[in-house]
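Here the chain labels run A, B and C in written order, and each chain numbers its own residues starting at 1.
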Amino acid sequence: MKRVLMICAIITVLTTVGIVWVLFSESYTFFQHVSIIDFLTDTEWSPLSTNKHFGIMPLLSGTLLITVISMCIAAPMGITIAMYLSEYAPKKFRYYIKPILEILAAVPTVVYGFFALTVVTPFLQNYIPNLAGFNALSAGLVMGIMIIPMISSLSEDALYAVPKSLREGAYGMGSTRLQTTFRVILPAASSGIIVSLILAFARAVGETMIVTVAAGNMANLTADPRETVATITAFIVNMSSGDVQQDSIEYQTIFAAGVTLFVFTFILNSVSFYIKKRFQEKYD
Amino acid sequence: MEKLSIKDKKLEAINLNVYYGEKKVLKDVNIAIKANTVTAFIGPSGCGKSTFLRTFNRMNDYVEGFRKEGDIIIDGKDIYQKMVRVEDLRKKVGMVFQKPNPFPKSIFENVAYGLKIQGINNKQLIEDTVEKSLKQSALWEEVKDDLKKSALSLSGGQQQRLCIARALALEPSILLMDEPASALDPISTSKIEDLIWELKEKYTIVIVTHNMQQAGRISDNTAFFYMGDLVEYDETKKIFTNPEKERTQNYITGRFG
Amino acid sequence: MTNADKNRIKDKMFEYFGIACTLFAIAMLVVFLGDILMTGIKKIDFNFLTSYPSSRPKRAGIYPAWTGTLWILSLTAIIAIPIGIAAGIYFEEYAKKSKMASFLEINLANLAGVPSIIYGLLGLQIFVRTLNFGTSILAGACTLALLILPIIIVSTREALKAVPDSIRQASYGMGANTWQTIWHQVLPASTGGIITGIILAISRAIGETAPLIVIGAAAYITKIPDSPMSDFTVLPMQIYSWIGMPDKDFAESAAGGIIVLLFITFLLNGIAVFLRNRWQKKVKW
């Protein structure tokens, strides 16, 4: 019986092997035709035009632009909500609010995309001149909202894990909740909170549907959130839903983009895993 | 303490040393326990008495870093030999734990569990065994009207007697009890103590306790452990009134521990 | 004003700020659910549920989409649930502290963080192409199964972890071996948690669009699936393709589809939460 169970567990390893194999083998072929230097430094991405460029920078900038916008919303709000729920809120409030926040996390991302495109963009267009129909800002804002529950939930767990004795020490000296929270609890839970931020960042980087629907698919190296951009994920989706010949260079670009994404999120996840392992020992 | 002939030794430890990783927790323990006696292991916390108890049913096998030198002999056989199946050993050597740990199932299913894992299917046999075991552990009268009730709904003392019944259902010859009454109230405790005294007729019982009065009340022989050493092992009466070692004397009179 | 007064004011202000942030998040939820309801509710009728997509928004329906969703979810569940639970049992009850175990753990943690679209690429190369399943439900189900496997494994482990060790000790003490202990005691005691995890994993799978697009789920399907090898579409894909249509009336169709999708998603999540609460109340160690 143990053997059967072990085989099932090994499937997880096979999955990773499969992912690595698929991504790297197709990318290898890609990089036979396109030099890595060009890939990393060319500022234009136009694999389908006659004058082909394969610079990943525009896709990277699109991804990062939207991710940064989303983190600007989600990080402060998520952490604040976590602090409020953990240190301030009455039990009943917490009991009802937490499930509602979980609902935010359960909504399929294509739905968020719809909302960004049909509600947020028109709304913002009233206030921001030159806001394109497909733009990075709406996608970023909505993605931020989607990520809030992830940050607030993980951060709250981190805050909750701080031993009661630390709180009692601070309160016993006459600190307010604010002082205790900011000066004692937050630092003590910092590793957990940082982990939640890294994981949220990685999630945002890998997110596909919101950006595909609302941010467009125009590879555009820019820092202006009002413009249309393309993220790595949007590119992959759009390219694979079109008619692309297998074994063509265009087909391989999907995997080159994919491997970039994978490496990026892999690094982020590994860093957060390392931080968690290293700093969790403190309270055991 | 009288020297036992080979055939009288029910349980025996010979030159036993036990290590958890680098730390030595039992040093050169030598002891021979006679059948149908109640032996109490006493000593301050952390002196190794629970660890020693668990060498007799190899529950220490699950502890990381566990290592032993020396032998544990039960009924003339070395139980740590490769060919010994641990599952069979534990049918012969039952254990009752400090905190009652009934399964989250019905009273009946708790007691029947041991038979189930042996593959016994005979419904009548199982029912008879359950009844017999519950009677032996003095719980039958209190639960016989509703054996389907959840075991978790019983009081602490009843749960512990259920755990005893559960162990007895396998018809072991040896019963190891690790502070069986320490989590219970005084009335339950005395019920358990009466029970142990009765069970002595059919079983060999080894009981770890930090309650010296309890050891004095119910055991025939007592072994005093201190910091991994077996300091003294003798008839209970002697240990408590006229021990040979000074350290024993100090512990008994409450000078430490 | 003393320092203490200032501190109290700051404290109160932060409290209000905290409440404001929380309410903002919830308000956003209300706003966007409300908008979707208003846009799409008029579309929900029997016709909508039983029609095929069409170039005319008035006629377009989600029949192939929700049947496709059902097909693919069932198949995904059949594949992922046994493997996920088995792997979870292995991780939690058998493989402890060995070198292999840490390696498997790190690997699992990584898989959980891989973006879902990458699973799509994996599925494209392996299931669609190499194994020749084509752009079929089977390929989609295998891909989604791999995607939700880490979720099922993690929640199975959590459920197993919650069973106190004293139960295992009692079982071993009576001569049961590891598998007997798991099968008779640990698994029954953790069923609630495992089921909750499965439901949450399924509800996640329902909303996945990107990996299926990459695999080649069709946007415009004219028949409902009749075998695991059929071409297919799913609800989120249908919604996505309607969003992309230039005709503004399709926005209503999209909203209608979203309402159905959200209904199913929330229903599943609600059941999971309900089960979780019930199970936690029942087993008080």
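Everything that follows uses one rule, which is that a residue touches a chain if its C-beta (ideal position, glycine included) is under 8 Å from a C-beta of that chain, and two chains touch if they have at least 3 such contacts.
All of these numbers come straight from a predicted model, not from anything done at the bench.
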{"item": "Longest centre-to-centre distance from chain A, chain (CA-based)", "value": "B"}
{"item": "Top chain pair, ranked by how many C-beta pairs fall in contact", "value": "A-C"}
{"item": "Distance from the mean Cα position of chain B to that of chain A, given in whole angstrom", "value": "56"}
{"item": "Chain A-chain C separation of Cα centroids, rounded to whole Å", "value": "17"}
{"item": "Approximate Å spacing (C-alpha centroids) for the pair chain B, chain C", "value": "49"}
{"item": "Touching two or more other chains - residues of chain C", "value": "none"}
{"item": "Residue numbers on chain C that touch chain A, as the complex places them", "value": "7-8, 10-11, 14-15, 17-19, 21-22, 24-26, 28-29, 31-32, 35-36, 39, 82-84, 86-87, 89-91, 94-95, 104, 106-111, 113-122, 124-126, 129, 146, 149-150, 153, 178-179, 203-204, 206-210, 213-214, 216, 219, 236, 239-240, 243-244, 251, 254-255, 258, 261-262, 265-266, 269, 273"}
{"item": "In the complex, chain B residues that touch chain C", "value": "57, 59, 62, 64, 86-91, 94-95, 97, 99, 101-105, 113-114, 116-118, 152, 163, 166-167, 170"}
{"item": "Chain A to chain C touching residues, read off their complex", "value": "1-2, 4-6, 8-9, 11-13, 15-16, 18-19, 22-23, 26, 77, 80-81, 83-85, 88-89, 97, 99-104, 106-115, 117-119, 145, 148-149, 176-179, 181, 199, 202-203, 205-209, 212-213, 233, 236-237, 240-241, 246, 254-255, 258, 261-262, 265-266, 268-270, 273"}
{"item": "Residues of chain C that touch chain B when the two form their complex", "value": "97, 164, 166-167, 169-177, 180, 184-185, 188-189, 283-284"}
